[in-house]
Amino acid sequence: MTIQTAVLIETLTALGSEVRWCSCNIFSTQDHAAAAIARDSAAVFAWKGETLEEYWWCTEKALDWGPGGGPDLIVDDGGDATLLIHEGVKAEEEYERSGKLPNPNETENAEFRIVLSIIKEGLLIDPKRYTRMKDRLVGVSEETTTGVKRLYQMQANGTLLFPAINVNDSVTKSKFDNLYGCRHSLPDGLMRATDVMIAGKIAVICGYGDVGKGCAAALKAAGARVIVTEIDPICALQALMEGIPVLTLEDMVAEADIFVTTTGNKDIIMVSHMKQMKNNAIVCNIGHFDNEIDMLGLETYPGIKRITIKPQTDRWIFPETNRGIIVLAEGRLMNLGCATGHPSFVMSCSFTNQVIAQLELWKERGSGKYEKKVYVLPKHLDEMVASLHLGKLGAKLTKLTPDQAAYISVPVEGPYKPPHYRY
Amino acid sequence: MTIQTAVLIETLTALGSEVRWCSCNIFSTQDHAAAAIARDSAAVFAWKGETLEEYWWCTEKALDWGPGGGPDLIVDDGGDATLLIHEGVKAEEEYERSGKLPNPNETENAEFRIVLSIIKEGLLIDPKRYTRMKDRLVGVSEETTTGVKRLYQMQANGTLLFPAINVNDSVTKSKFDNLYGCRHSLPDGLMRATDVMIAGKIAVICGYGDVGKGCAAALKAAGARVIVTEIDPICALQALMEGIPVLTLEDMVAEADIFVTTTGNKDIIMVSHMKQMKNNAIVCNIGHFDNEIDMLGLETYPGIKRITIKPQTDRWIFPETNRGIIVLAEGRLMNLGCATGHPSFVMSCSFTNQVIAQLELWKERGSGKYEKKVYVLPKHLDEMVASLHLGKLGAKLTKLTPDQAAYISVPVEGPYKPPHYRY
Amino acid sequence: MTIQTAVLIETLTALGSEVRWCSCNIFSTQDHAAAAIARDSAAVFAWKGETLEEYWWCTEKALDWGPGGGPDLIVDDGGDATLLIHEGVKAEEEYERSGKLPNPNETENAEFRIVLSIIKEGLLIDPKRYTRMKDRLVGVSEETTTGVKRLYQMQANGTLLFPAINVNDSVTKSKFDNLYGCRHSLPDGLMRATDVMIAGKIAVICGYGDVGKGCAAALKAAGARVIVTEIDPICALQALMEGIPVLTLEDMVAEADIFVTTTGNKDIIMVSHMKQMKNNAIVCNIGHFDNEIDMLGLETYPGIKRITIKPQTDRWIFPETNRGIIVLAEGRLMNLGCATGHPSFVMSCSFTNQVIAQLELWKERGSGKYEKKVYVLPKHLDEMVASLHLGKLGAKLTKLTPDQAAYISVPVEGPYKPPHYRY
Amino acid sequence: MTIQTAVLIETLTALGSEVRWCSCNIFSTQDHAAAAIARDSAAVFAWKGETLEEYWWCTEKALDWGPGGGPDLIVDDGGDATLLIHEGVKAEEEYERSGKLPNPNETENAEFRIVLSIIKEGLLIDPKRYTRMKDRLVGVSEETTTGVKRLYQMQANGTLLFPAINVNDSVTKSKFDNLYGCRHSLPDGLMRATDVMIAGKIAVICGYGDVGKGCAAALKAAGARVIVTEIDPICALQALMEGIPVLTLEDMVAEADIFVTTTGNKDIIMVSHMKQMKNNAIVCNIGHFDNEIDMLGLETYPGIKRITIKPQTDRWIFPETNRGIIVLAEGRLMNLGCATGHPSFVMSCSFTNQVIAQLELWKERGSGKYEKKVYVLPKHLDEMVASLHLGKLGAKLTKLTPDQAAYISVPVEGPYKPPHYRY
């Protein structure tokens, strides 16, 4: 719920929709933006610094349109709203079948326990709430790598309950927001949180996907010495071609000054790593959830001491060594927690994709064009998103002649590339 | 026919094949490499500085295994061998049907006239030669953007005569050879051909695909001021995000010092552009064929004067202005004509893909796995190509735990990415 | 008065000095740092957001040690304390000679009017105050280009009242703080003040000295298209060698998105320029005083409207066009006003020079080594500053053999370069 | 004796001088350039691939104007002509004093032995030749770091025989030719000599002065991972600020792929280092003489085998390990030996300085302005050199107003910077 999402909400409202909104991250809300939207445009359930309980309460409230109502469309970011509905429907079906309520104590995951509690409480009041919601829903458009991964898993399992448009894999999203957005917001977050000089420092970037590429480019350009960790040999070879060594975290853990996770996976930097780090090493995550960093391991480490330098900037001191490490945004997305997220220009690319996807879902709501599957936007819409952003930067495109278009077998007006093209 | 292809030939020979070889470019043969292979490993029909007639004579000879013989597999680069066979079969079928011989004068394209002449002469001697050849052929693997485009066109038209593996669109080809190869070989060719200082110069790169990205990165890093021309709004926006203006050729034609075509299209720099250029502007092509630059227009310009500074470096002087422009490699690929093509490490990635494709085609020759269509290599083979190249550069990969692999729904051993992933 | 200066104060205190402190910039004080120092270490006269009157009141108070006291040494940054003393002495001498008091209304410069008022008021109370102060003073060490320029002017005019060490021209200051400091703090200030995406934007940097070089490098690395303006042909040629066009402000004023002054001169961006700029163009100064930007012209422009977006970020709307420009830090140093100045590592280099200079002045206070002139630190001390900072970054130096040292005619332990060496 | 020096010779001839010329490097002559000059403009004693005996024979011949003649001015590059005259005069004075001839066997330095032999032979024919030469000489202008170092040593010892202008330390020389010239010519030489892919490789640059900075920037930009070795803590800290680790050669010797010496010192890479290197490691020198690399140690290593891949590219195989290293240009300047030296634009800056220095020496030949000391050109001439090169690159300078000029205390027309300014 940043300034940029506020403009997205205003856009959706101007297009005729009635909007309810929650945040996708407990730290990312800019309260002034939320307040302005709450006053003028939409129901907002978000503030900077929510607890996890509050976070899921907000998510539930954003979906709650009162009796007879409900969302027609979801704009999702990370997939938590989609998750809640899917888990809700699952629980309601189980309850109808067996009378069994969800048991929050069955899971070890602290956050998922909250989800189950919320569903359980809701079930006692209204045992068909999420079922009615999914019946009404026309679809969801989702913009993150992580949220999309969940959607494809549900598609593969046959459990996806409504059509989904994968906005993340529009070129104008994944190759812009993930890459250029993070190239901007990683140093922004580091500087605001710590004022550390990046030049001369050794930085380990875990993961060299689009996010990792943006992060590595930013820190290298700022004069850091960058090392990458990777599981994928192709991405690893890309790093090497840019002069960036590919090593393991273990190789660098005692030597580096800055650690950044960008993987979209879990258990990347464990407490066992953190205790080997240099004094005042900075540890942060710009990947997906806070489980990229072993926050639980850190919090429960015997004798550990936490000093909050300022909100979102904590120094954790290990008792054996008296060395402290600096963890940003409690392990959550540091560009949202410590800075203001991605800048407007790149978010405009992402959100133009979101709006186009919403319009498409709504336009085709009765046509049967979209089944309960995951779709990407067609290439000509992707190219349109780019086109809409060229003028602001003073660009002038070259026009194909019909003869040239025929020669390379594309329409004069595009789309210009085959589907497998990688940009 | 460079040193790198020599090693490819030796590899194929060591794997048990009998090889006949020709070049894909009239200027690209390194005569010492050709001589060594001719002595030790294979029949070679290639030398530096062929005429177009000699070029196609070589192509025909490379396919000529004598009575009863013929190639089982083709390793193609640009698609000329594949083209010759397809045109040959078409002509033989027409001849059988109607007794009509191909008429070279029907085409305005000087090079295609030569192709038709060769086919016509062959037809008079043996009217079933190309038909028998295609019957025997197990398949082709093709490594260039341009050759692949032709294959997809033939697939779409239903005229493809045998299975084809598109090696160009392996990530370890298009995102390495095209990008990093050209980043190396464009400045290499410029420096060898002209000794010009790149720093401070204004360079126009026509096209910002993989090749254009590599070229722009190289010249920018060398201190040039780079401007890009593009038809595709997405690629244009990528250039802008790197601080590179996107303008039209007309905007810059009178101002720039260096012009590079990378488009894979034709008619990019016309003689009408060239006469507006500054004295001693450098014009070169690293895209595909020499029709990216209007060589015909230049050669037939009334009163034009050509001074060959040295082989592959010509100064063309316009009579009205007495200004000359410097054209490299007669408009053909300047990295092959003026330097030695791409360096071994990146060619090893490309050729490992070629070898794997050839092995795959041969292994599956009777299985029916491959129809008369175009295929890309499966991702695990693409990742294998990358893996084979990591050790040389001292890289160490991180291993997924089974738990992490499950979390992101991939096998521990890969492949790690969905098919649509763009790297 | 930032965190870094707080550590400098603590260092000086630990070395035995008694410190009184004021800020060099009305916006640069970090109040928490000032508070901590005021509590623990020194008398501090500084807060964020002073008026000019308050600023000079603070400067005067910092110099006021009560009857019989006074500073032995000055650590100066911009030269305002030195200026005040020199102007004070001049007025006292004039007063003694002619009984004439300084007349604040004689100057058009609003700030200098305040200086004269303060001196005038002081003179009425104690007509020998600054004279006694200069008699006591052992010397000053000054760290900015601007402050140093004043010192050399006074040396040339024969009006310098005490020895001065030019710390700015230590290599470990001007080639580090000015260059790498600004490379860090320009984007930091831009991002904190405006959240603007730098990638894709057109940025004009006025001046390509050390500060301009750092600024240009930062914005280029972040994906902006950078243009430089210069008066000096050598610096201009340096920009060109890095691929940066050199044009005039007039050429770019209507096209650029971001304007940064780095010149150390005045009247760089005038109100006549500002009214031609695009809507929401950003204008800021990281050079020296706020007179690089014509703030007076802006403030007094008929019908202009000022909207304070947030402190230090103002939008000024021209009545004719209704276009607004965004001016940072009221035209003062934006890295201090909108961010936190330079990061600790590079300030440590600068302040190590300051401390060494202070120690040197004090040690030689009676020796006559330093006359009323401007001195730079000897090269071995400059090298020592660098040496002290290598360990933190994990560097290992190579040692000369005596034979090698003799071969290049330097001592094994350094200094290694002739005085004219430029680094 | 490259194309660029040919233009310098033509310039000097056009200005009225009579020129005799030799090369400064046994490999750097471009024979076609030498032939053209020999035909049209000057006596040339230079060819590509001289022996050391031939080299010094050429140097002697270039100074030999026949009876009654001799050079009035020397344009020197490396200082060998200056050295020969100084050693000649020393020997003649000793001979006059004691009748003792120089003894070539007294020195262990193979090259200096040749110098002494030549002097000895000359002495027997004409015992006053060099004495007359120095009496006639108006002065020398010298353009290399190494040659200048010798001049300052002679100035310090009081043995300098005629005035010298240090052209190397013009900003438009040392900060352009050394830096941007090498940024161009190092990769050029590497690519022409070895065709090696630079991306992904580990490169050790010994020395981070102007030459080392250019080399490091070039290899980093090409995708190599660069490590620097340094003796000077200030230059080391500069490397670190650019993200380049500073280690010792010993740390990296077994790991790196490319080694480049840029130090201006001797004994940098010894045979003991070379035998530890990886197979096919590339070793080259772009610093000064071939003694940066221990060529003698290599050549005399027991059992070593040398295979000349092509001229200037040798593979040296160690018997114990059977690993070979590739040494470029026999340890001499690889950009001259393996490529064509620096490109014209940057050489034009250097040679404009040379020409201005020659004009200045000649104009002031009777005025007593220049004593037997080393001088740098005054800053306004340095700025003039830059100005003359701006138009070609389309730059437009900003003009100071008189008011601005007064504010920063410089003339409107320059010079703009104090002498100690570092650029």
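Each chain carries a letter (A, B, C and D) given by its place in the written order, and its residues are counted from 1.
FYI, a residue touches a chain if its C-beta (ideal position, glycine included) is under 8 Å from a C-beta of that chain, and two chains touch if they have at least 3 such contacts.
As the structure is a computational prediction, the values presented were derived from the model and not from experiment.
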item: Per Cα centroids, the chain farthest from chain B; value: C
item: Selected interface, A-B versus A-C, where C-beta contact pairs are more numerous; value: A-B
item: Between chain B and chain A, distance of the C-alpha-averaged centres to the nearest whole Å; value: 39
item: Geometric centre distance via CA averages, chain D-chain A, whole Å; value: 56
item: Contacts with two or more other chains, residues of chain C listed in rising order; value: 180, 199-200, 223, 240-241, 245, 393-394
item: Chain A contact footprint on chain D (complex, rising order); value: 199-200, 220, 223-226, 240-245
item: Chain B-touching residues of chain A, taken from the complex the two chains share; value: 149, 152-153, 169, 171-172, 174-176, 180, 210, 229-238, 240-241, 245-249, 251, 264-267, 349, 376, 382-384, 386-387, 389-390, 393-401, 403-404, 407-409, 414, 416-420, 422-423
item: In the complex, chain C residues that touch chain A; value: 3, 180, 183-184, 187-188, 191-192, 195-202, 218, 221-223, 255, 339-340, 342-346, 392-394
